[in-house]
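The letters A, B, C and D name the chains in turn, as written, and every chain counts its residues from 1.
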């Protein structure tokens, strides 16, 4: 934003008024025409009209938003009757990979009794190594859908390929785009065209603006709403697998008024930190938490070390529930 | 950690047992002598004896900790009668810089009535530019001490120079080492020798191990306890000034059992995100929050855009208080 | 790697021998069975047999490589008769986007006279914003192919969608997978099946191991060779758009013996740094440089600020040529 | 920079003219008074007067530099008769720590015969662990000075403490401030007051602007010139210890016209990448390279894995020499 002052204005007093509004001045510079104050990039919802009223301000030039459809979406996304919103955060739980029909049914049954709204599970798995288990594919979609239906859960699962969009859209209520595909624009367009709501995970090192613009792709091409998901960005410390950016969550939730889910399982990469980070995510304004659980983590085909044992989910949901009610 | 198996052991079953304990296998490799499983770096408190009991495990080699004194410290640091611990998180509030005697007395009075335990304020300021206000120095220490005493507050303030340690130690209850000095080993030694408790801010891109080792320097050289402070690390997104790493807070608090304070003001760099990040920090297990406030943020000599107006502190403390009581 | 010592071995002397070979010891730990030395992750080609010969070493356990096909590929990839190898680095030049038939013909003509081997140009453009120019698509492929053929150039261009692989493979000699798609595993598989050589750009924050594993996907699924391309990773400094990681280039080129091209245009994001970074890339061992040029940078439909004017390419190629001959 | 247009100006044509000059437009915005074009942060030496001449531009507001003394310093720093400048890059070599008088004399003798200009060596060592070897202190300074004098070398060594400035200034020609102390403002002031030239290493995650401002501190407080040193910033890949930022080197050297030395030893953390990164640093415009060497790397008291054996220095200097002459 560029704020131009009246010739007679007191520069210091305008800077004070801007700072008092929580804005940061990037620099002040003068030319023949007057003094310009340029504000630091700031995703705040500070109204231009409010700045224009400051004594000494002659005019304010603000760039148009690059993502008007996302700005207009609002803080609630409805997924087949379940509202995703920070007013009443939801839980999305399930195994990293759907490993068998028996497994997903057992998990769905337990979760259904705990107030969980979404069953998550990988049918198509993005794996760093070509030799790792790649998921049970279409078969797993059907298992998950049937297990979820039986227990009143919605289904959220990842789409990896443009070719799989139809199959996933047939079984899932919320289509997930994973962090490795946040800027796979061909996939974003294909997923959007299915017309369903989409959960968009943040890429490993995406800026918030890039994330919002990826969401804009989805809305421009027809998605029925965008839920954002923060799952940790690339950090430098091996003690935690990723770096959960709750500043981004607070910003999306409280300034942009958008629904954002927190995934503490992938952020931490280790089970013992999941409950604390789930609680912190909700405290920062998340509209939900996505948590991996497994009936036998030692035998998990992927990410067992970060899975909460199914037997421990009741206690975890209870601890989160208190916080969800208090949110 | 290196886990060596019995010749007849079932490798898969040992890996499952390790994963079930939340441990991540870095790699498995065999030599003439048997199979070795190397675990990924993991700051967990998983007992070697517990791993040794897994069927098929012949021996476990674990490196000694590099910071035995920090490991032995425990989760509570007493600062002249105030316990810093995640059991009952404290609030440390005050202006970025101590600007006048009048100002700090007014702020101390308000904070004293709100249940705040520590008065913070900069006497010696680390400023990126040599032309920026560098603090009122020794004079400000006396003002702060007197204001704090009058309202039953403890004083926490930063030491910038080896030469100032005595003056700061005379007036402060808790000596702060700033993030830019986390690995200023000459300062760490000088501060430690004062014998008082020290609050050690994490450097902009320090690993947790480097942070713990800096704490070890303090204890080796005589500090009366170390409180850690997470204030956000260097990120890549201009929308938030720094990246608050609550995974590190959860790890220090819940796995290492050390007291860690969260500073949402410097993390966010913008006022509107401070309350959400303060709440998230407490939810992650912080032993306290450090929050900048100012009686007139527009006139602040430094960091006004991130200061909570003094008039808004009652509401903020109330919102945190509920969470502190519930912690 | 885990090095186990003989009971009577002198631990210090073994550590010295390892260090003398340039290896870094992560930790030393003992169990009932003896002393283990675990080496830090190190992509070095240090032979296990060489370590086993150190006096005092009983056995060495080294994990199998996770990317055997990439390890076996070798340092040269042949692209329709042009060898990409650090022995005689190639130049890949052209506009960010192919904007018209006229433009690409003019550029190809100039480049063909300067010793450039590859014509680059975007037909399908990955754009952060859905409202930005997305490329002229299939039409641009034909323009580029024809212009390249006329001047003896090879074609390298990016594939964005699984659905475009056939069209791109028909016109391009080297198929480029962009940084945003490095872990788009569906695309990697589809591109690989075309059987042609692929240039794989590193993702914004990919580790070298993740990059090599993405290359492994390509070879497992049939690609006719993998050329890596370092184009800068996500940094925190707005003065340069990305952070060119020439340590990674040196590692791939000199330790892994793989061909890696450097893209200084995207790394710098600003024209004035391109020549210096191109020279530095070659000095670090690159097998080529990819440089954006435009006949009229001010009118470029994308990335004009980083394009070298076509009129300046002769001088740039001359300065690189000296270095390429000296490499 | 804020560019304001004439009411009748063609906005697109001005943007083209700016882009043609290699500038990046951050955003364009209009207010009642006209159209403003804000340029992205860009450390370029683009003259305001040149922009003002573009047709359609009414005025240009550019912020004053925050580091006028650094801007005015120029590209050459004289260290007791040795000019540090990218025109004729120097070599600074020696052991990580000065371990004995005998060692440093042997090393100085070899280096003196190889065209090396500076003897480097640690007397006071910043060590991550309080239990690691901390250097031989004042004694080592004297050993180094005497060895350097005997072979016509200058001495560069690090100051860790305000209390050691006098002792170091007595023996060293160039005082080094390490990366952990780049923003230790008390040390910067104390070192500057000694009046000698200073080599300022970049902090692990400092922006270029922060680095220049730390240099400004030195000049404001009396330093006899500032040489910058890039030694790698914090990265996320364990395969290389740090991330050598040669974009920053190119920027400082070619745009800011300041002398900057590259330290490939600390950047790589492994010997096998040092020669390639040293060559790349020189190609990017460095005014020198700082390289660790040891007569017996396996016995080095610190950082042995990155030290080039003294016996290999002739070959390395030869390979760099060709490049230094060609620079």
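A few remarks follow.
Basically, a contact is a pair of C-beta atoms (placed from the backbone, for glycine too) under 8 Å apart; a residue touches a chain by one contact, two chains touch by 3 or more.
Everything numeric in this text was worked out from a predicted model, so none of it was measured.
For the pairs B-C and C-D, the larger set of C-beta contacts lies at C-D.
The greatest centre-to-centre distance from subunit A, using averaged C-alpha positions, is reached by D.
Here the spacing of subunit B and subunit D, counted between their Cα centres, is 31 Å. Computed from the mean C-alpha positions, the centre of subunit C lies at a distance of 27 Å from the centre of subunit D.
Rounded to whole angstrom units, the spacing between the C-alpha centres of subunit B and subunit C is 40. In subunit C, the positions touching at least two other chains are 205, 233-236, 238. Residues of subunit C that touch subunit D in their complex: 16-20, 22-24, 40-44, 205, 207-209, 232-233, 235-240, 242-248, 250-251, 253-255, 267-273, 276-277, 279-285, 296-300, 304-306, 322-323, 326. Residues 66, 126-131, 160-164, 180-181, 183-187, 203-206, 210, 213, 216-217, 220-221, 233-234 of subunit C are the ones touching subunit A in the complex. For subunit C in complex with subunit B, the touching residues are 1-2, 4, 27-33, 35-36, 38, 58-64, 234-236, 238.
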